[in-house]
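Alright, structures below, take your time with them.
There are two complexes below, and they share chain A, which is joined by chain B in the first and by chain C in the second.
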Partner chain A sequence: MTVDTASLGSARKTGGPWRTVWKVVSSPRAARPAAYLAAFLGWMLLAALRPRVPTPWKVFEFLWIELTGGSHGGVLKGQWAHHVAITMERFGIGLVISFVIGLAVGVLIGSSRYAHALLNDTLMVFLALPAIIWAFITVIWFGLGNQAPVWTTVLTAFPFVSVNIVHGVQAITPDLRMMSHSFGVSSYRRLRHLILPAITGYVFAGLRFAVIVGWNGVLLAEWFGSADGVGWRTRYWYDAARYQGFVGWVLLFLVIIILIDRWILAPMERRAFRWRDVHRDKITIQERPEALGAA
Partner chain B sequence: MVAAGWLGFLGFWALMTSIIGEVRLPSPISVGKEMWQIVSSGVFFGDFAASILKVLYGFLFSIVLGTGIGYLMGRSRYWKAFFQDPVMASGSIPGLTYAVMALVIFGIALWGPVLSVTLVSIPYIALNVAEGLEGVDTHLLQMSEVFRRKPRAVARHVLFPSMLPFVFAGVRLSFALAWKVEQLTEVFGSSKGVGFRIRESFQRFSVRGVLAWVLLFIIFMIIVERVVLVRLERRLFRWRTVGTEFS
Partner chain C sequence: MATVSVKHLSKVFPSSKKGGPPVRAINDVSFELSGQVFVSIVGPSGCGKSTLLNILSGVDTPSAGSVEVTQDGRPAQRGYVFQDPRLLPWRTVMQNMLYVSDLPEVEARTNARVYLDMVGLPVSDDLFPRQLSGGMQQRVGIARAFSVSPDILLMDEPFSHLDAITARSLRLQLQEIWSQTRKTVVFVTHDVVEAVQLSDRVIIMEHGGRIFDDMEIDLPHPRRAADASVAMKQVEILGMFEQMVEQTESAQGEPKRAV
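Moving on, here comes the complex of A and B:
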């Protein structure tokens, strides 16, 4: 408030049309576009200050050529679709495997006290290991090819699925569990109507982390041990010291992760929660700050 | 319980070694020997000091900037809307992006990793501070107004003490992530530090070296978190326990 009222005060003195202009510009609604504008100006400033940072124009020009399949001065033709498809295939397979492993490990640790005592710390170590370690180790194990990116995705993403499912299974109300037990509810119905609905929220939270973390993992593995894919392509332009290409691909892989989130994860989540109160707020990053980021 | 956990971990590791072979996954014992060699030869200290210094600088910058942004977000609707998207976006960007961006901007220098630590930690601190400010006791603010306290005094005695725990929570939350990104930036470009050593081990195709360095660093970071951060927290919030005695 302090900032707003102070600047409004100075605008009031000048009066006239400027006042209305200022009112529009300083309204919270205008803040979003202002943020994007500021980010853009910051980029231009950075490009002017650091010689290695490409200007936005150069990056957009590069992206145009790369996406329309033109030629970069005879260097290498843009084949973005090929690289994106390969990476998505590796990422998809890795995610499915990590989801299956993560679910199994999570249910095991969450429902058995012995498994929890023995394996929970191991899970914590897996959670603490940075993606780059898995990228390096899998590249040493499997060499160049598809295996290293797939397994890096699996090894970085499954602990996040597991941890969430452990929390979910442990959070099931013991009353309901005992009640279903005393009323002789079959184990299939218990799984279908008690356990699954109860952990759905946790499963989705886990899946979200897994997507963000796994995406980082697949790109790292491709960067260090692959001859194609998005990570490799990004590295290609970096090694060629053509930073507009590098920044262009970074923008592309950010767009991909945002689209996955909006078009695949969000609708899935909505579908899975049809049964629940529609007005109930979604889990936001503010409530679950550990959802942020992936190193 | 704790012993069972570690036993479980080492047992799992040894089992994996026996399944996929000592060459691919060195046993806990051989990695332990390597770790001991790194520590006893003294290589360890120079690289650790370099890495920790970068994490520390990064946190200092992010505390200053994050508190500032959080303050604006908590006090004004305009700035809240302004920073909403950038804070969310910077949270979901893969760590790889920070690492290589820092490298493009600063090259192989001290400031690359510092920048990535700063950028990674800012959203946590900012969000926490904003939340903390919204929860400031409005009675206290009204009272200070009634008693005509200067804005500086209000900031010093009301806002600052109530923000501090949230800054701290932000630091603790981002800690795990910050050191990972710092390592990653060092892997991509540096001439010193733990990340540099990990990269060097990778180039020698030594799984043992990679594991030894990363485990040493994880152990060290756990100690820092458990000992240093917890102590600091206790020290900074001594006034709270004093206060509760009166209530």
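Moving on, here comes the complex of A and C:
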């Protein structure tokens, strides 16, 4: 973090060192590190009060061994890349399928009253079913392997995509629909240039939910019905009563979720909303002179 | 150039209040027009003029009577200019033009440029609507309507949301484009002065959805609001119009600001 030396100087004159500290801590740039710091301190406090909660040092030590492939003692070796890769693959496939299904179902329910009457309650049921139910059901259906985590992701995530898109489609202004109608614009073009761009904001809201609940789903399915992956590894350490391992893996997948949001979703969103972020004052267009003031 | 034939047209809307009487927006209206004419439909708010335009455009359907908008016996291709620009905000000016075009992409682009140039926006292709002023957005709307090579152009109070100066310059420009392209135009407005300046024929509608008067304006184009002959005609028709509004008010027994 960089500190503005000029403001430091003036603060020293007016209010002493505490004021300076307060100024730095209370700036918006400091808010995010402050949140992480608070969480860390809270964790230390919890570890001091509850004996079963591993201290941050123990967890970091564990993660170091796990990530570098060192020895946990005995024959246990650290391993992670394989588990993260296989989980990401299942998660990625599940997310793509749930996006496609969610989009189709959402556009259908949003644009047709018949489809709304037919499917909306069913969608609510899907929305209300927790990931753990799907994890059990898919493990019963597919057994151990890739199928159960992928389909748990799909079944937990797609309703969140759909329900957002239904609202997005319903929010499209009738003016633009009527314009398209009176110019006889084809339904493919309407979908591509009117409906899809109009619901972009809702699509991203849906995707964010999908990432979070889908990640839940994939981990639960792996916990109960898989022999590898992040969920399995987390359970492995839980069953081995190595709580630093359990907490370490929980921490690892939190980091993965945050990075997916920051590095993939946020840039996509910025790109999709270029039209909204352009500013009037940047333009240099000249109207044809004779068109102006001709009257 | 299209032919419009409206015969005994009526339009009734169900009441917005439950159990209320239905609302008669258009009441037995008949008129014909064809060829290179600029026709205005003028009337106070709620006289049914926009409903009439919606029926001509095919967005709405008649309750009774018939409406035919044809070109050599087939349904006419229609262009539409709305009160507000109605551009897709997430598409550039050029993409908005391509959105309504049936031509192959390359031709559609060339065609769009011709009409953007005509409305005085030659270099706006890659701008988003937000980057344009209201007047410029409305120009894009006008260019879009002309670009589909319509047989008939339907315009619904296209200048009513603009400031007076912008509206004035766009009126002149519209006359210029119209004299180059010579489309059949049906122009709806509540502004008698505007109607007289632009049109060859003015149809005045009154409350209750009936035609009050239908007259030719035989003056050369382009007309400026400041021309004496235009101004005189405007005053004359404005007088008639106000008389009509007053009659309606006294007949209804309650004063209403209509114009």
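Heads up, the rule we're going with is that the second predicted complex is superposed on the first by the 238 of 295 C-alpha atoms of A that agree within 3 Å, B and C clash if a C-alpha of one lies under 4 Å from a C-alpha of the other, contacts with A are read in each partner's own complex, and residues count from 1 in each chain.
Basically, a residue touches a chain if its C-beta (ideal position, glycine included) is under 8 Å from a C-beta of that chain, and two chains touch if they have at least 3 such contacts.
Since the model is a prediction, treat every value here as computed from it, not as a measurement.
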Notebook entry, point to check: By residue count, is chain A touched more by chain B or by chain C?
Noted result: B
Check: Touch check for A:Ile132: first (chain B), second (chain C), both, or neither?
Finding: first
Next item on the list: Return first, second, both or neither, reflecting whether A:Arg52 touches chain B, chain C, both chains, or no partner chain.
Entry: first
Checklist line | First, second, both or neither for A:Leu176, with chain B first and chain C second | finding: second
Note to self: Between chain B and chain C, whom does A:His193 touch in the aligned arrangement: first, second, both, or neither?
What the structure shows: second
Notebook entry, point to check: Both chain B and chain C touch chain A; at which residues?
Noted result: 285-286, 291-295
Notebook entry, point to check: Quick one: in the complex, what on chain C touches chain A?
Noted result: 57-59, 78-80, 82, 84, 86, 88-91, 95, 99-100, 119-124, 127-128, 130-132, 136, 144, 148, 165, 168-169, 171-173, 224-226
Checklist line | For the chain B and chain A complex, residues of the former touching the latter | finding: 1-2, 4-9, 11-12, 24, 72, 75-86, 88, 91-97, 100-101, 104-105, 107, 120, 123-124, 127-128, 131, 173, 176-177, 180-181, 183-184, 187, 198, 201-202, 205, 207, 210-211, 214, 218
Next item on the list: Please name which positions on chain A make contact with chain B in the complex.
Entry: 1-4, 26-29, 31-32, 34-36, 38-39, 46, 50, 52-53, 117-122, 125, 128-133, 136-137, 139-141, 212, 215-216, 219-220, 223-224, 234, 238, 243, 246-247, 250, 253-254, 257-258, 261, 285-286, 289-295
Next item on the list: Write out the stretch or stretches of chain A touching chain C in their complex.
Entry: 175-176, 178-183, 185, 189, 193-194, 197-198, 200, 274-276, 278-280, 282-283, 285-288, 291-295
